[in-house]
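In the two complexes below, chain A is the common chain; its partner is chain B in one and chain C in the other.
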Partner chain A sequence: MIAYLVRRCLGVAGVLLAICAVTFIIFYLLPADPAAAACGKTCSPQRLAEVRHYMGLDQPLWRQFGDYLVGIFAGRDLGSGPHALHCGFPCLGYSYDNALPVWDLLMDRLPVSASLAFGAACMWLVLGLGAGVTAALKKGGLLDRTLMVTAVATASLPVYFTAVMLIYGLVRISGLLPYPTYTPLTSDPLGWATNLLLPWLALALLYAAMYARQSRSSMIEAMAQPYIRTARAKGMPARTVVVKHGLRSAMMPVLTLFGMDLGALLAGAVITESIFGIPGVGRLFYDALQRSDQPVVLGVTLLAAFFIVMANVLIDLLYAVIDPRVRT
Partner chain B sequence: MAITLNTSTQADPPVLPEHPLRSTSRKLWSDWGTRTALIAVALLILTALTAPLLARLGGWSPTAFDSRAIDPYLGGMPRGSLGGISAEHWLGVEPATGRDLFARVVHGAQVSLLIAFAATAIVVVAGTAAGIAAGYFGGRVDTVLSRLMDLTMSFPSLIFMIAMMSVAQDVNRVLLMTVVIGVFGWPGIARIVRGEALSLRHREYVDAARVAGSGSWRILTREILPNISGPIIAYTTLLIPGMISTEAALSFLGVGVRPPTSSWGQMIAEAVTYYETDPMYFLIPSAFLFIAVLAFTVLGDALRDILDPQGGRS
Partner chain C sequence: MSRQTRALSTALSASLALALLGACTTQEGGSDPDRREQPGVATGTIIGGLPKKGGTLTVLSNQDFGHLDPARNWVMPTMDFGTRLLYRTLTTFKAAPGDQGSGIVPDLATDLGKPSKGGRVWTFKLKPGLKYEDGSPIRAQDIKYNVERSFAPDLVGGPDYAQRYLADTDGYTGPLQGKHLDSIQTPDERTIIFSLRRPVAEFSYTVTLPTFSPVPQSQEKGVQYDLRPFSSGPYKIKSYARGKKLILVRNPHWAKTTDPVREAYPDQIVVQMGLKGGQIDDRIIASEGADASSVEWSDMQPSSIAKVLPRPEVKRRLVAERTGCTDMLALNTSRPPFSNLKLRQAMQYAVDKSAQVTASGGPALNDIATRYLPPALTGEGRSNSAYGRSTTSHADKAKKLLAEGGKPNGFSTTITVSTGDKTRAEALQQSLSQVGVRLKIQTVDPSVYYDTIGDTKHAPDMAINGWCPDYPSGSTFLPFVFDGRTIKEKGNQGNVSQFRDKAVEKRMDEIAAMSDAASADRAWNDLDIVIQSKSPAVPLLWKRKPLLVGDNIAGAFGHGAWTGQFDFAVIGLKDPSKSKG
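Right, the complex of A and B next:
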């Protein structure tokens, strides 16, 4: 188990390093010059060279990349002399746009994206798994067909369409909900939930449809296994057979999917956040792109990769705990 | 029993097994839902192929402004009801510019489907090649390719696509988008193909070909590939709706194709602000996108049920 954990951790480090390198190279090829933007319009060539040096842009690519990596683990000093700026431990650099540390910006926005992701995840798990398992148990019946037709149609609607329709129906026409403005959970739990209800619904409907389809097919597969027949033959109550034997093995592929989806959403649902104007990580990313704010874009990409990789590791560990065959 | 069966069939001409293509199309046609999806897909492809012709039939170029179709006193809203639907403008016009929606949506179909199909082609070719090599050769080749699949799947793909699309300035947007979408899609199908190839590589007929002196290339293309073509076809069809959605999402975010070239996602993005004042403008491109994604999904589901009845559902 320990050897397995060590190997997984090394793998994670390798993946994150590769993602960091690829992102760095892409933005190195970026034609926009952040030094020129920072220096302003009336910038002498000499001053520009100073700014470039201060930002570390005069270094070769491998050197910039090396400094960036060292900064993440040990912090680093930006510039030199009296204007040097110390950037502490998880140093992801400073935003070119507003000179704030990227780490602080990310940590500022993360609770918003996390609220969106976890709330939506709860909704889509209940809706999707409920519909999928019900359809699987009533396979071939009218309920199954209705649920699956609804699911395939809902999954074909893009989230920005669903979002606009929800705003139209629930805010403009009926006035049931306020137009979403983010309120932190700590200051006003009720306001937090009512404001996020609309984005939760928009995201959850899409994912619920996909999960309903996935969980239906894996539940049907699980219920066709011989051990289900054995359990039934033993005279076990139908409910126990479904929950203990069927659901448990049917949930394994759903779990993998869930880890990936939640990991990707934690680092920002770019489209949903920009439609509803929610100030999350996705919104930060989108705004940073418009301004070629390379450190922020790099930071968000790394954060997203980190969540996806960690979600994968957690799911694999969970598998290893449940199923000893994985541990080899 | 067996004897009587034999004598009875002797009188009839021998029954040949149905050609797989014919049996597949017969099964697809027998269900009304799949039949509708098949017709919708055919119509969409036809629309995309003949877009310039159809637009000329409608009488308007997708970039031509028509100031007579909009009302300057109403902030450039289309004249007439339902977003200006009339004999002249079949699906109405865009507010403010008066560009013909039919021409734009039809040209959008061309862009959206072209990108989706080309990206799918990249994904399927790369994924099949990687999967078949990993599964058949095993060992170090498998280790390297599987690591590469894990790595690609760990990339936050949407975020990466957006970043790459906005970094690139003066390149062919359609080509770039195809490549960017294609780059992240291959591991999914590669995993399925790898599993299939793994289970086939020690079958008797493969061993027989090897003993008969066939090289790896010949075995891969003549023995393995034909036997896994069913699942590949099914998953290829199931990939297309995802590609259409991704293209639409990127164009919606404004990093896809650039105006005046139209695409469904971009049209929806422009129409979002008008959803209350000119609902048809918002609903028409949305409906096309919805029908395209839905039709390909239904068709892909049906093909998977026919061509790959047990496998690949994990």
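Right, the complex of A and C next:
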């Protein structure tokens, strides 16, 4: 088991390194020049050269990349003189646009995206699994068909449409909810929830539809297994059969899906955050792209990769716990 | 200047939606575009009357500020915000709507500065008793220090007038390594003397820029000063979460008695960032709760026009002041077809400007431009255009010029626009096809637009470009856009036409050396007409900046000096008790 863990962790490091290198090269090849963007419209060639030097952009690519990698583990100093910037471990570069280290920016925005992701996840699990399991148990009935038609319809609506309709219905027409303005959980829990309700709903509706379909089919499959029949034959209560025997095994594929989805959402839901004006990692990424703020784009890309890869590892470990054959 | 870079990309994405409004009528030729009725309140109107002291003013924004560090702040509305609330400058613009706002008054200085040596040396005296937010005195040395900071390669992005005007600055890279400039002398704590490399008649205007505000060396934090500028103005920063929220509270050491413009009505100013543009409009239109005490930072979305103009109670809360910028169609003069003067001149008649108005949001938000210098820089009766004031295209005149240029059957050409400007490019394509000119449109993402058209080797034949003067003087416009010596091989941003003309350049130097501002002003206007006749660009639009205010806002007007943004010196609330405090 230990050897398996070590192997997986090395794999993660390799994937992250590869993503880092590819993103670095893409930016190097793009026509946008961060030094020129920072320097402004009337920048003279001489001043531009000074800025490039200050930002370290006059170094060869391999050197810039090397410094970046070393910085992640050892931290580094940017610029020189009494006002040089120290960027401590783990230094993911410095955003000259925001005048902050990328790591600080990410850690500032992560709680916001996490609020969005976990809240929405709770909602879609309840809605999606509820609908899916109910439909599976009433397979073929009117309820099943109604639920599944609704799910297909909801899943096919893009989030920007759902979001705009929710704002229109719940804010503009009925005035039930305020226009979302992010409030931290720590300062005002009620405000936090009220303001996030709309984005949670928008995301949850989309995911719930997919989860309903997924959980319905795996539940039907599970309920058709011989051991369910055996359990029933032994005279177990219906509830125990469904929950303990049926649901538990039906949840495995759903769990895989859930890990991946949550991992991706933690690194920012770009569209949802932008539409609802939520200052999360996704919004940070969007703004950074607009301004060619390369260190931030790279930082968010790595963060996203990290979460997705880690989610995969966790799921695989869970499998490994259940099924020893995977460990070899 | 500028800062079209960011402002434009937002504005541009707007234009597409606007074209869908369709119903807008376009004006016919002959009416004076300078004197048309405007949407919202008339120029000179102050919305909501005189504010009362107190309360919380909320600013709803879809973005964060670029830079609040005074050495790096060169985005017009942000310069307004910074210099009106956080840092004072040697002189500043009057707090008045319309043309009156382009006048300046002493701010930290006792007067508008005393020129000597024919305008090569300028001396300013500071008022006594000026203080920072911690009660320490504001010294002349601190202004010198901030001007020096604007040379540092770490602190880029700010106005570059210090680099342009100050004498003996070659190779200077700022004060962070301990080196200082000799061309700024501070014989005592209240006197500052600037030695310039040439006479600058309008230097009193130059020192309205945030470069000329004080930063004490003891507060230097390098790049991170951006997050917490040390206040010399009526407010100081209580908290600033990048991209989220900025809270300003009163600076108790600011004294109204020393300040001729700032009223500082609200007790607190909160900037809520990163909101969605359309939602900001909706909130302010509805004007409920704290939203009634709110103003919007960025332009009203074009899609909101239909919710505002038909409703008088909302329309009287709309400010739509001229931005003071000119939007132009740059013609690449460096190679055929537009190296040919006649073909360039033909474009002046071939372009249907009223179609440009329609494609950019209609006459509510745009006036037709008939010359390069925007209206604020051209006095009454001198607003001449070399091609008349017609607003629709004149195919006959254009065809005649095409024939003279050796292309009677037209030619093929290219334009590059950012994605949001596609509708405008298509309007151009339509009007040019009337005279046989076949226009191929290339669209690029707004984030790389200026890099694309600024690559002189691969630049397209045409591009849409804008320029805003930094203060009302032709010297902050024509030399940036039409001086051939400023062209750079890459990142070329002002002179997109790559227009090189020895006579024009010589004349620019002569006007720059004039010590009398009034004759310089006349000369810039005359030069505008000269350049028009050489046709490096077609003036297209003078845009307006549409901004909504909540029901409880008072003292609101768009200030002409800062592209029509609210004057934050005098804005406040009707009833402070209604704002969430």
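Methods note: the second predicted complex is superposed on the first by the 316 of 328 C-alpha atoms of A that agree within 3 Å, B and C clash if a C-alpha of one lies under 4 Å from a C-alpha of the other, contacts with A are read in each partner's own complex, and residues count from 1 in each chain.
We take it that a residue touches a chain if its C-beta (ideal position, glycine included) is under 8 Å from a C-beta of that chain, and two chains touch if they have at least 3 such contacts.
None of the values given here were measured: they were computed from a predicted structure.
Chemist: Examine A:Cys43 and indicate which partner it touches, taking first as chain B and second as chain C; both and neither are also allowed.
Modeler: second
Chemist: Please work out whether A:Arg172 is in contact with chain B alone, chain C alone, both, or neither, and reply first, second, both or neither.
Modeler: After superposing on A, A:Arg172 lies in contact with both chain B and chain C.
Chemist: Quick check on the superposed pair: does A:Ile271 touch chain B, chain C, both, or neither? Answer first, second, both or neither.
Modeler: In the superposition, A:Ile271 contacts chain B only.
Chemist: Tell me which partner A:Pro279 touches in the superposition: chain B (first), chain C (second), both or neither.
Modeler: second
Chemist: So in the superposed three-chain picture, is A:Leu289 touching just chain B, just chain C, both, or none of them (first/second/both/neither)?
Modeler: both
Chemist: For A:Asp108, is the partner it touches chain B (first), chain C (second), both, or none of the two (neither)?
Modeler: second
Chemist: Using the touch definition from the top, say if A:Glu221 reaches chain B (first), chain C (second), both or neither.
Modeler: First partner only, chain B.
Chemist: So, does A:Leu116 touch the first partner chain B, the second partner chain C, both, or neither?
Modeler: The answer is neither, since A:Leu116 touches no partner chain.
Chemist: Counting only touches as set out at the top, which of chain B and chain C does A:Thr181 meet: first, second, both, neither?
Modeler: After superposition on chain A, A:Thr181 lies in contact with chain C alone.
Chemist: Name the residues of chain A shared by its contacts with chain B and its contacts with chain C.
Modeler: 30-31, 172, 274-275, 289-290.
Chemist: Considering the complex alone, what residue numbers of chain B touch chain A?
Modeler: On the chain B side, the touching residues are 150-151, 153-156, 158-160, 162-164, 166-167, 169, 241, 245, 248-249, 252-253, 255, 265, 268-269, 272, 275-276, 282, 286, 289-290, 293-294, 297-298, 301, 313-314.
Chemist: Going by the contact rule set out above, which residues of chain C touch chain A in the complex?
Modeler: Those residues of chain C that touch chain A are 1-3, 5-6, 9, 62-64, 66, 74, 153-154, 156-158, 160, 163, 173, 176-177, 220-224, 226-227, 241-244, 272-276, 279, 282-283, 286, 288, 446-448, 451-452, 455, 480, 486, 488, 490-491, 493-494.
Chemist: Give the list of chain A residues in touch with chain B in this complex.
Modeler: For this pair, the touching residues of chain A are 11, 15, 18-19, 22-23, 26-27, 29-31, 152-153, 155-158, 160-161, 164, 168, 172, 217-218, 221, 253, 260, 264, 267-268, 270-271, 274-275, 285-286, 289-290, 297, 300-301, 304-305, 308-309, 312.
Chemist: Under the touch definition given earlier, write down the residues of chain A that touch chain C in their complex.
Modeler: Interface residues on chain A, with respect to chain C: 30-33, 36-45, 47-48, 50-51, 53-54, 79, 81-85, 96-100, 105, 108-109, 167, 172, 175, 179, 181-182, 274-279, 283-284, 287, 289-292.
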